[in-house]
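Common to both upcoming complexes is chain A, partnered first by chain B, then by chain C.
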Partner chain A sequence: MKRRKYPLDQALAGYLLVLPAMVSLAVFLIGPILYAFYISFFHFSFLDPQNATFAGFGNYIHLFNDPVFLRALLNTSLYSLCVVPVQTALSLFLALIVNQVKGKTFFRVAYYLPTVTSTVAVSVMFIFVFQPSGLLNRFLLLFGIHGPNYFNSPSFALPSIMALAVWSTVGQFMIIYLAGLQDIPEEIYEAADLDGASGWARLTRITIPLLRRTTFLTVVMSLIGTFQVFDQMYVISGGSGGPLNSTLSVVLDLFNKAFKDMEMGYASAMAFVLFVIILILTLVQQFVLGREQE
Partner chain B sequence: MRKQWLSVVALSALAMGAVVGCGTSGATGSSTNTGGSTGSNGPVTLNLGMWSSSPAEKQLVQNQINLFEKSNPNIKVNIQVINGNYLQAIQPMLASHTAPDIFYVDSSYAPQLEQAGVLMSLDNYIQKDHVDLSAFSPSLLQAFQWKGQTYGLPKDFNTLALEYNKSLLAKAGISQPPATWTQFEQDAKALKAKGIAPLSMPVDVARYYPFIVDAGGSYYDSSTNQATFTNSANQAGVKFFLDNLHKGYFVTPQDLGATWAGPPFAQGKVAMALEGAWLVPFMQQSAPKLQYGVAGFPSLDGKDANMVYTVSYSMSKFTKHPNSAAKLLFFMTGDQALQLTADSGLAIPSRTSEQGLFTQKYPNYQAFIDGVKNAVPYQFGTLGQNFVDAINSATQAGQLKNLSPAQVLQQAQQTLQSQQQSQ
Partner chain C sequence: MSKEIVQQRKHHPLLYAVAILYAVITLLPFVWSVYTSLKPTSQAFNILTPLSMLNFKSYVSILHDFPFTHWLFNSLLVAVIVTGGNLVVNTLSGYAFARLRFPGRGLLFYVFLGVMMIPGQVLLVPVYILLANLGWIDTYQGLSIPFLLSPFMIFLARQFFLGMPKDLEEAGRIDGLSHWGVFFKIFLPLSRPLLAAETILTFQGNWNSFLWPVLLETSQNMYTLPVGLNSFYGQYNAYWNSVMAGVILLTLPMVIVFLIFQKQFVKGISTSGLK
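Now for the complex of A and B:
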């Protein structure tokens, strides 16, 4: 009897110890999430919460008839589709190089630096690079090419922001890949050398397959990050998502709807649709990349 | 065993303490607000919400408050500066009834706040305190009236004027800035021939709307609170604007590597700009040596429409001390406070009596003050940002995709409708 009671006490003490954290999580994270889910079924404005009217699935249905939201979804998907593979491949490439080059630490710091820089500062810097008479166009002019006005052209604005995103986050994923590379046992390479494997075979048969878990992690993280992209678009388009909505991301649209148009219920519905999209994509990836059961 | 339980009890007490502690500290925080809630007899503390475009603006408000506290020793006023996204910050405050007692409200979103019922109607207080509304420029006052009630008093305003770079105009052989848009087109041609960009303005309804009004159109019907983009009288104004963009007489700031017309004008990349008086301090800071003049907004077909941007002091509906707050509000928009505004040169006072004082000291600003006579407020009822986004992106499509004026207006109407279904 006494023995059975003992672990219960301990569990209770454990729960009490985490209680402050649990309470603050419940109050400041889970509570607001549930409340946002609740108001996503209402025509809800911050200004007169008392007069919110029940909308049923109205907000959700309207989302899929809203050309602005659909445009934002298209932009975000395109952005994600381009940024994630490029970012992953580039960070793997950099990690492989940095892992072998002399002066590892210097390159690690150099590539990681953009990640710790504020995205707003990075965006402002890229505005300078992509200006009509900015760094890039001056450089192109040396070859006689007259570059476009990148951020004011509907066809160049989004790709420019993609370049910015890849540049600023590639270092972060490189670090993760570097950690993954350290985890691969040296013996496997030695065994491969004995079997006469070429450098390319070592890369495609050993390194990349063994980095699968790392790849899964980076792809999931980068996908979630790209679907939630906000600051770059906000700074570069001045909050409007222009020109011609070509840099409007889902979160930017959500922000505008919530705080400028004062439609908090609609914006909440948008947030949950985004959540479901990210959830589905992550599950698909888990199925494709993370299937191995060890 | 006993030790175990003791620790559990101690821990739970600790946890309770933490939770309760949070609760009480919150309660004491708010009790400072409720203290002395009865009338204006006891000492009262009021909060004043504002954004601050520069440290000088906060200093100005502080000076005005010092003056107020001197004559009202029972009322203490705290300034609450909200920088960054003001509207985003003020909404949750209003929702949780913790908004400042009186605060800045920009005319562009004033109707939305008025409609939502979060601002106090000032009519009773205006009667009680015998505030003379005729001292304000009528188009300013109008910007804060909704369904026959007054929800704020304007503190200052800005209108558009034509700023011109003297040496660039001289290079093209132009001695006088254009007074009409017909004249402008000739001057622009001469400037372009010299390789000088004539005038920088963004594709923004906040700047080009005067053309629509000059040409007899209107985007908004205040009696029905509806957008009237597809009204055929609007096409002439849009055509005028788009034609000038296509001809390169108007150049967007984006094409000159900036977000508004100030920087390219200061760098001498463009000969003219259509901006408000906010350009003056900017020029002092970034190009103190550049010689430029300020002329009235040119007229189109003999019409002189202009756009006015104004900010009010409004009272929160949830204030605990409406009488004291009204007193403060009327003081901050009264003669004494506005004299300080006029003296500072930071903004153009909303009262006509102080406007004279202002131009004596700052003769440069005359054109901005003249502009208010035929100005429409920058506000489109409760349509707010949806309206502005719809027309701006349609006009931009007109510029970048060569849509006709009719197509631009049609697209704006459609976008706005698709956005409104959610409400």
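Now for the complex of A and C:
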């Protein structure tokens, strides 16, 4: 061992500088995660921790027989599967447009504004615009359409939250796409022009294929984000996930199981199922991006 | 530059029409919220309210008759503490991982990278129990101390410091500076872009955060703005003008910060996309 590689004073300085992060990591991350994993095998209530009983895999098995959790998982998957493609396509579409017009800064700022806005503020704004006699329905009435009472309808509440999610995140992904577009060398387009490629061919043969890394990244990022949705559901349904559980997300269900029903062992099992879903998404991302770089 | 020239020859009125249409879709809810907040309650659902009826009474009312001023103070205080703490904790470790050699450095860094994949929701139950045992529920320390670490910021800081030339350190050492001196006198003054990105991302995240605050803030006195607005909306949702004044109060500070630092925001987002 070459001890000389680590001069003592440098090693000491290094440890001192990472110390705050290490303490925080141990106390607020690793310790709690291990504890959560442990109690996920118990029937554990915070109000009565002495009487926790061992459940084995009981909590995990129960999850997949629990109609409320399955509904939350279905809602969250639907939400994710609808929001992600629409958001990705729309943000690419807008990036392509903004990239070609003057006043780029204005559009970039305008589209990005919802991203810096609190989800609580956005949810309340949308509740107002989506009121039975709100702005949206007034607008639809011009075309003779009588809009529903969006957030009180079991069939319209979740799609309305999806629309809110797309509206509030498109700007962020558009900016990532704009950065991706800057990386495409202009010579490729010039060569395509010489070959007489149409605008459509330029888009489908050059732009979209060359942006696939960006697209992949935004898709995974937004899958991970959408699977963790909570704020909008909580504010819009007043914490209940209603009407009729139609806006119950996995995290909202977890929150209610843990802190309303005080079933913390069960809620922890739920958290680990969410963890595994997100871990799989992240690993797929790492794997594909790693392979691309080779 | 050549890109700009190529783009000039192909703008098309239709592109502008679509860009403007989407700008309207994005901005209209904001404009509508401001407009509603200036109306009397009875006019909330009117499309055309006479300008003479618009005033700031609902703002005065929420700031004066309801605890919005207090919530604003809580939000600012917690966001400032959390941002300051994050700057110290994550910048220091990012620097150590990039520029100092010590046994176990590689392993430790991988641990931090690894925990980036863990969704924060897994921590809800155990950290709540921990904070309850510490008696930190509904306190400022409970709202700030567990949130000072960000593996992503450590990663950003490490990347930033790795990108700086080796000569800097050597020059400092030759001048007789200690490791601390090298960091504080040479690297830190050059880290403004890093600190700006860290500040913006952390401040924005904390200002808008809701999941942890709604769990940890149990008394009205401790509410931060998002939790306060949610509770106010729950109780007074017939008073749309006041609710919308609350929405604007929560939104406006971030929008102002964004408009001032929009270049850094865009840079922050682009880097987070490229991680």
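The rule is short, and it goes like this: the second predicted complex is superposed on the first by the 263 of 294 C-alpha atoms of A that agree within 3 Å, B and C clash if a C-alpha of one lies under 4 Å from a C-alpha of the other, contacts with A are read in each partner's own complex, and residues count from 1 in each chain.
Convention: a residue touches a chain if its C-beta (ideal position, glycine included) is under 8 Å from a C-beta of that chain, and two chains touch if they have at least 3 such contacts.
Just so it is clear, the model here is predicted, and its values are computed rather than measured.
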item	value
Partner chain(s) touched by A:L78 [first = chain B, second = chain C, both, neither]	neither
Winner by number of chain A residues touched, once chain B and chain C are compared	C
First (chain B), second (chain C), both or neither touched by A:R138	second
First (chain B), second (chain C), both or neither touched by A:F107	second
Chain B versus chain C as contact partner of A:A197, first or second or both or neither	neither
Contacts of A:A52 with chain B and chain C, given as first, second, both or neither	neither
Touching partner for A:F275 - first (chain B), second (chain C), both, neither	second
Which superposed partner A:V68 touches (first chain B, second chain C, both, neither)	first
Contacts of A:F259 with chain B and chain C, given as first, second, both or neither	both
Chain B versus chain C as contact partner of A:D9, first or second or both or neither	both
Common ground on chain A, meaning residues reached by chain C in one complex and by chain B in the other	5-6, 9-10, 12-13, 17, 20, 46, 131, 133-134, 238, 259
Parts of chain A lying in touch with chain C, wherever the complex brings them together	5-7, 9-15, 17-18, 20-22, 24-25, 27-33, 35-36, 39, 46, 94, 97-102, 105-122, 124-129, 131, 133-135, 138, 167, 171-172, 175-176, 179, 182, 186, 189-190, 214, 217-218, 221, 224, 227-228, 230-231, 234-235, 238, 251, 254-255, 258-259, 264, 267-268, 271-272, 274-275, 278-279, 282
Contact footprint of chain A on chain C as seen in their complex	2-3, 6-7, 10-12, 15-16, 18-19, 22-23, 25-30, 32-33, 36, 45, 47, 88-90, 92-93, 95-97, 100-103, 105, 108, 111-112, 115, 117-130, 132, 145-146, 148-149, 154, 178-180, 183, 204, 207-208, 210-211, 214-215, 225-227, 229-230, 233-234, 240, 243-244, 246-247, 250-251, 254-255, 257-259, 262, 265-266, 269-270, 273-274
Chain A-touching residues of chain B, taken from the complex the two chains share	1, 4-5, 7-8, 11-12, 15, 18-19, 85, 87-88, 91-92, 94-95, 112-113, 116-118, 252, 254-257, 259, 384-386, 389, 392-393, 396-397, 400-401, 415, 418-419, 421-423
Residues of chain A defined as touching chain B within the complex	2, 5-6, 9-10, 12-13, 16-17, 19-20, 23, 43, 45-49, 58-59, 62, 65-68, 131-134, 149, 151-154, 238, 240, 242-245, 256, 259-263, 266
